[in-house]
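Below, subunit A partners subunit B and then partners subunit C, in two separate complexes.
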Partner chain A sequence: MATLTLPVKEQQKVLAQEALITGSEAIAVACKLANVDVVTAYPIRPYDTVMQYMSQLVADGELDCEFIVADSENSQFEIVKHASVCGARVFCGSSGIGWMYAMEVLTVTPSLRVPMVALVGNRALDDPGAFGVEHNDALAVRDLGWNLVWVDTAQEALDTALICYRFAEDRRIFVPVAISCDGAFLTHSQSLVKLPAAEQVKKFLPKYNRGELLVHPDNVISVAPQCNEDWVMEVRRQNYAVTERACDVLREVYAEFESIFGRKYGNPFFEEYRTEDAEIVLFGMGTLSTPAKVTIDKLREQGKKVGLVRLRWFRPFAGAEIAKALERFRAIAVLDRDLSLGSPDLSGVVATELRSALYTNAKTRPPVLDFLCGLGGREVTVPDVEKIVEITFEAAAGKPQPLTQWIGLRG
Partner chain B sequence: MSTFVETEPTQELEPFKGVKKVPYEEYFTSGHRTCEGCESAQFLRLVAKAAGPRTIVVGATSCMYVANTSYYSTVWGLPWIHTQLGAGGSSALGTAAALRALMRKGEMKKEPINVIAFCGDGGGADMGLSAISATLTHPDYNLLIVLYDNEEYGNTGIQVSSTSPYGVNTTFSTPGKVKRIMHNRWKKNVAGLMLAGHPTCKYVGTVIPSYALQTMNCVRRALSIGGPTFIHCLNPCPKGWDFDPMLAYEIGHLAVNTGIWPLYEVEKGELKLYGKTREIAEGRFKRLPVADYLLKQGRFAHFTNEDVEFFQSQVDDMWNNWLIPGVIPLRKQAASTAPAA
Partner chain C sequence: MGQLYAVEVIGRGIFQDTLAKNITRGIVLAAHNEGKFGLSFGRYGDSPERNGIPAKKFAIVASDEQTLQLGMAHYEPAQVDVSVVLDDTLCKGIESWAWDGVHPINRAVKRGGTMIVVSTQDSDTLLQFIHRRELPYKLGIVKGLASFSGLWVYKDDHTDVRILGALAKAAPELFSFESIEKYIQAKLKDAPAKTQSARKAYERFTTIEVPAGRGNPEKLLHFELLKWQDMAEGTAVKGQPQGGPFEDPVTKKAGGFRPARNDKFLKFTARTQRPVVNFDTCTKCTLCWLNCPDGSFDVTPDGTYDVDLNGCCGCGICEAVCPVENCITMVSESKFFDNDSQWLRFKRDEASYLQWLEKTIQPIEKRSHGFRYRGQYQEEVPAALELAQKG
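The block that comes next holds the complex of A and B.
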């Protein structure tokens, strides 16, 4: 949980206002504070409320930027990609199948070193049609060089959006980042958010500077020629080098954020909730944290020692830190709000990645059970979490449990 | 009250008053691996020369991407960046939007910078049609989209596109024992589509490198007029069309002189035919038979007399019955002299 560490006078300077806003609006506020230059919109639920807020900000003169409604998500992301290489700070976003329509562009932005920030309002992939949350949309780019972060409150959304600009535009990184907000549960639900002052944001975010990569008549370069087997591997190695630095840069950025805004997120990669003396933990991303925390509080009163580790940054995946934090528990329950059909043990994406990180980093081998839940926007309920905890305690007690289970399924 | 809005200032590029007045500087120079006789390369050379150094070029995937810009080499003496196959229209818009925002916010020195995106017929008439169309609806971003049309997907080894001529032999439309004509679609009228569908677009034109001076001047007019603009160029392709490279220039003239490729400009809604097209329309030049053009190209070698006649009839129909020949296919309200049915 974020806590304030500045003296009161500083706090008052930093916390200019408070507002009751949704996750989407929080992102819009962050873009305004970041003084973005070019924004492209295309309608698809549930991310697109952010663009409705952006439109109003521009129309009311609160943000000076080009606001373009594109003819498709593919065009939407192409427009900001090219605006970015010409030096504009950009913002974009999509959900579900719309994000997939932009896939061609999403694929090339990392190697083109386009530090765009995109909101993914996580949404189940059609077909069948569904507006509700699943994580497979954002996860689809996980191998391509995008950085990926999940937030679970409007406050975290606003703060993390600013962090994303600072992180992405750092020349040691300079690749795109997607900030994921669970569709409906975060995009459309309101909570009280402390809005940082513009001067603080200016201190935190230096100007976007492409340096010698800028496309402009004063800099006659040719960008992204055909390379083939002669040079593609070396270009990939450059993107790989970014991933080698990413965790360290992220730590730096969060430390900077804390020193300027006073809000402390602790370790950037994950949040820990009541894990100090936990025997088992839940592990997942996004607004699963709400039913998880409510259930944890309830079970704690019954004496059950359970905690939550909520993963924020999926890319970079801080395997060593995560393993160090999790290896001491007697069992781990992963809540996967996604599928990875045909995967090892038929587990979801998060469980598969976690097991891989534990295998190479952890000194112990606690059982890691995967629970596929909340797909298509279905609520993960307190009884669901209670069931998960019960099964996981069985595993902790040495009684083997299935590696992957479905929770909350009909019948 | 005009439908055309004022835009930010563009460069004032006066037309070249003759071949001898064309500057020597090349902004598309050696370093490419295009085929001998490639008219698409010739076209881009003319575009770059016409635009001058204060220009940003975006190039969609196509022959003119791979052949011109394979690392280590590049032809461009202008800042150039690759974009995806269907992104000619959207990339131009993004570039123009960035320049406008940054100049307005004082982050970039204010000056009119040409924004030119090129795409082939595959990227423009097929995959990227929607993006080009959307971009042309924006009234006040200064940019030029050029579609270089070699009537095929050339970079992938010659396959049909929406602008490929009826009956053409390509690797996806191979004449065979049972089917001689695999491609029975008529060439899409892209320029007509663009000029008819976007009433606030100030400039749409068709060009061909055989008319080099006029091509450069069309580009200069498009860059000077303000707002988003579109030029469609026909580019004879020795490899895809199967003719001796030294005939490229002549084949271009035949395309015009048979009436198959009309040359015109539409500036703020006013249509102007030019070159031999104008002489054809005014009755001062008789269209050459399409056979003169078709049978010089190996890609039509499988054509029978019926195929040539059909092709001729379509071109005749265009010139005799269209409301605006070569531009708008709506039928003229003809006073019929035929007997009642």
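The block that comes next holds the complex of A and C.
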């Protein structure tokens, strides 16, 4: 949760109004403030609340943009890819299998340097049909050059969407970014959000400038001609160079955000909750932070020293920073709201990445236990988290525990 | 931690979607007028809503932002301070397509909490429908017919602000009437008239105590979900067996055809009105049976058609296609106390059944679905507003 660092008088100017909106609607508001030029839409729950809200803004004359309902997600993303290359600031989004239907387009936008901001309303990949939250949809592009961030409140969604435009359009980055909102828990619940003033946003977001990469009659270039094996590796190395810079640029962008809006997120990569004197810590992404924090507060009253590290940015994965923050704990419990079937130790994506980061960066080897939970929109409950904490304290005490466990499963 | 309040609004899918949302948003914004913070959301599994199916929306209000954040406020509350029921026929029990079994309407009301029902009936009648439970609670009525809208058009008959008024009386710790007034004036059209309606509802609202054990003793459908080891693989589900003939209670001879029906999802709680059938005037044209979208008609041994009242969702297509006057008539579900077969009753005593039928189908309490024709709401709203005034 961000803390406001400006004096109250300044706060009134910066935070012009309040609205009762969902996480996805908050992103629509961010797009309006960012003055997007081209928006493509295709309905799929739970992302489509943003689509409905944006079309209302367009209809009411509050947002002046091209609003195109495509015939499918594949076309949806293809259209904004081209619009972006022609100099339009774009917005797009999808969920679950809709996002997967756009995969052919998603794979090429990083190498074509298309800095789109996409909302992924996290949804289980169905069949089996459910539209509840699972993180595998957004995670499917994790190796391809996309940046990926998870938010857990509507306020954070609005702020982070603005940060995403600033970050993605920074010429040192210039690759797409997906902002993930947990289906239902964030996309569909309305809370009171403070809206920044338009002048502040104008200061924060410079005009989208493709420079020599702009497709325009006055700038004759060819984009994505056929390459052979003489060229591909070097193109890849260029995208790799982006990843080498990404953490530093992100830190700069958050510092700029704080200085203009007066809202401080601290470390951009993750949020820490009651970790100062914690013995064990929970690690995960998205709205499972709520049952985690509630349980932590409850257990703290019983004298149990447990904290939460909520990961925001999955790409870039700030391995050194994360390892430094986590290595001092006696054990770590990863809550994976995703699967990585057939992975080492059969663990989920987040645990597998974390173990890798700790192996190369950490000075100690605390046990890292993985808990597969909340799949298909099933709630992660307070009793679930209590069980996770109990098992993790056992590991911290030196009693070996299974590396991967299922929580909240029938059977 | 500060104070946390939860209100659930139970309405019929699609027809009461906007109304329920207006109420939960109104709760959050009215409470915000006195410095509280809140969240408004629907039960995600209800989406996409289907016509008439019971659906829930929630408003969670906290004394401060931190309590709201840490109050598990994004999640469906296990217990609520107040439950608002927008159609009194929901009191018979609620079954959602995303959940298992039929739940009693009062399931989430906490000990000593309040249930507010929109109804033209009295609490004694409602308590014949509402199931008994071990926790005492309070029951209050906002007098009115269930307000149904279309998906894209809203019937603005003041039900939403009347509920807010009743809530301020039922749960003064949630918000005061003044906060509602402020909300109406700032956010709603026709503010003076709506304030008046809300105020009348506020002044009139009373509750009775419902002690533990009082209510409908009937057992509701309940079953355990399978463990992962016991499920078929490949997300495969076995189909229904074939149905077959059944017995005439008088002649004892088997005949007709009754399909086997889903015993894990009944569907009757989606209906607000049911078809009443005259087996005497029926010409056996087959149109009701043919056109029923749910296959809710059994072919009787006589060749007439009987409604499966455990399944029928009350869409009214049978009434619309039946060529015989008053042979099938949709009647408000609030007039009935069981799902027993009408044909069996008819066969056991034809004269008595036909007498009952005459009484039951007149006069009709119109429970219109959604939005059927232009000018419909202009016709219906004045009567609703008059009821809001008179009480």
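In this section, the second predicted complex is superposed on the first by the 411 of 411 C-alpha atoms of A that agree within 3 Å, B and C clash if a C-alpha of one lies under 4 Å from a C-alpha of the other, contacts with A are read in each partner's own complex, and residues count from 1 in each chain.
Here is the rule we go by: a residue touches a chain if its C-beta (ideal position, glycine included) is under 8 Å from a C-beta of that chain, and two chains touch if they have at least 3 such contacts.
In this text, all values refer to a predicted model and were calculated from it rather than measured experimentally.
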item	value
Fit-or-clash call for subunit B and subunit C when the two complexes are aligned on subunit A	fit
Residue contacts on subunit A - larger count, subunit B or subunit C	B
Partner chain(s) touched by A:290 [first = subunit B, second = subunit C, both, neither]	second
For subunit A as apex, the angle formed with subunit B and subunit C - C-alpha centres, to the nearest 10 degrees	90
Touching partner for A:185 - first (subunit B), second (subunit C), both, neither	second
First, second, both or neither for A:132, with subunit B first and subunit C second	second
First (subunit B), second (subunit C), both or neither touched by A:410	second
Contacts of A:221 with subunit B and subunit C, given as first, second, both or neither	first
After superposition on chain A, the shortest CA separation from subunit B to subunit C (Å)	25
Common interface positions of subunit A, toward subunit B and toward subunit C	none
Touch list for subunit B against partner subunit A, complex	53-56, 58, 65-66, 69-71, 73-74, 76-84, 86-87, 89-95, 97-102, 104-105, 107-108, 113, 130-131, 133-134, 138
Touching residues (chain side subunit A, partner subunit B) in the complex	37-38, 40, 64-66, 68, 70-72, 74-76, 78-88, 104-105, 108, 207, 215-217, 219-228, 230-231
Contacting residues of subunit A [partner subunit C, same complex]	1, 20, 22, 45-46, 127-128, 131-132, 153, 183-186, 188-192, 287, 290-291, 293-294, 297, 377, 379, 382, 409-411
Contact set on subunit C toward subunit A in their complex	25, 28-29, 32, 37-42, 44-45, 47-48, 68-75, 225-230, 235
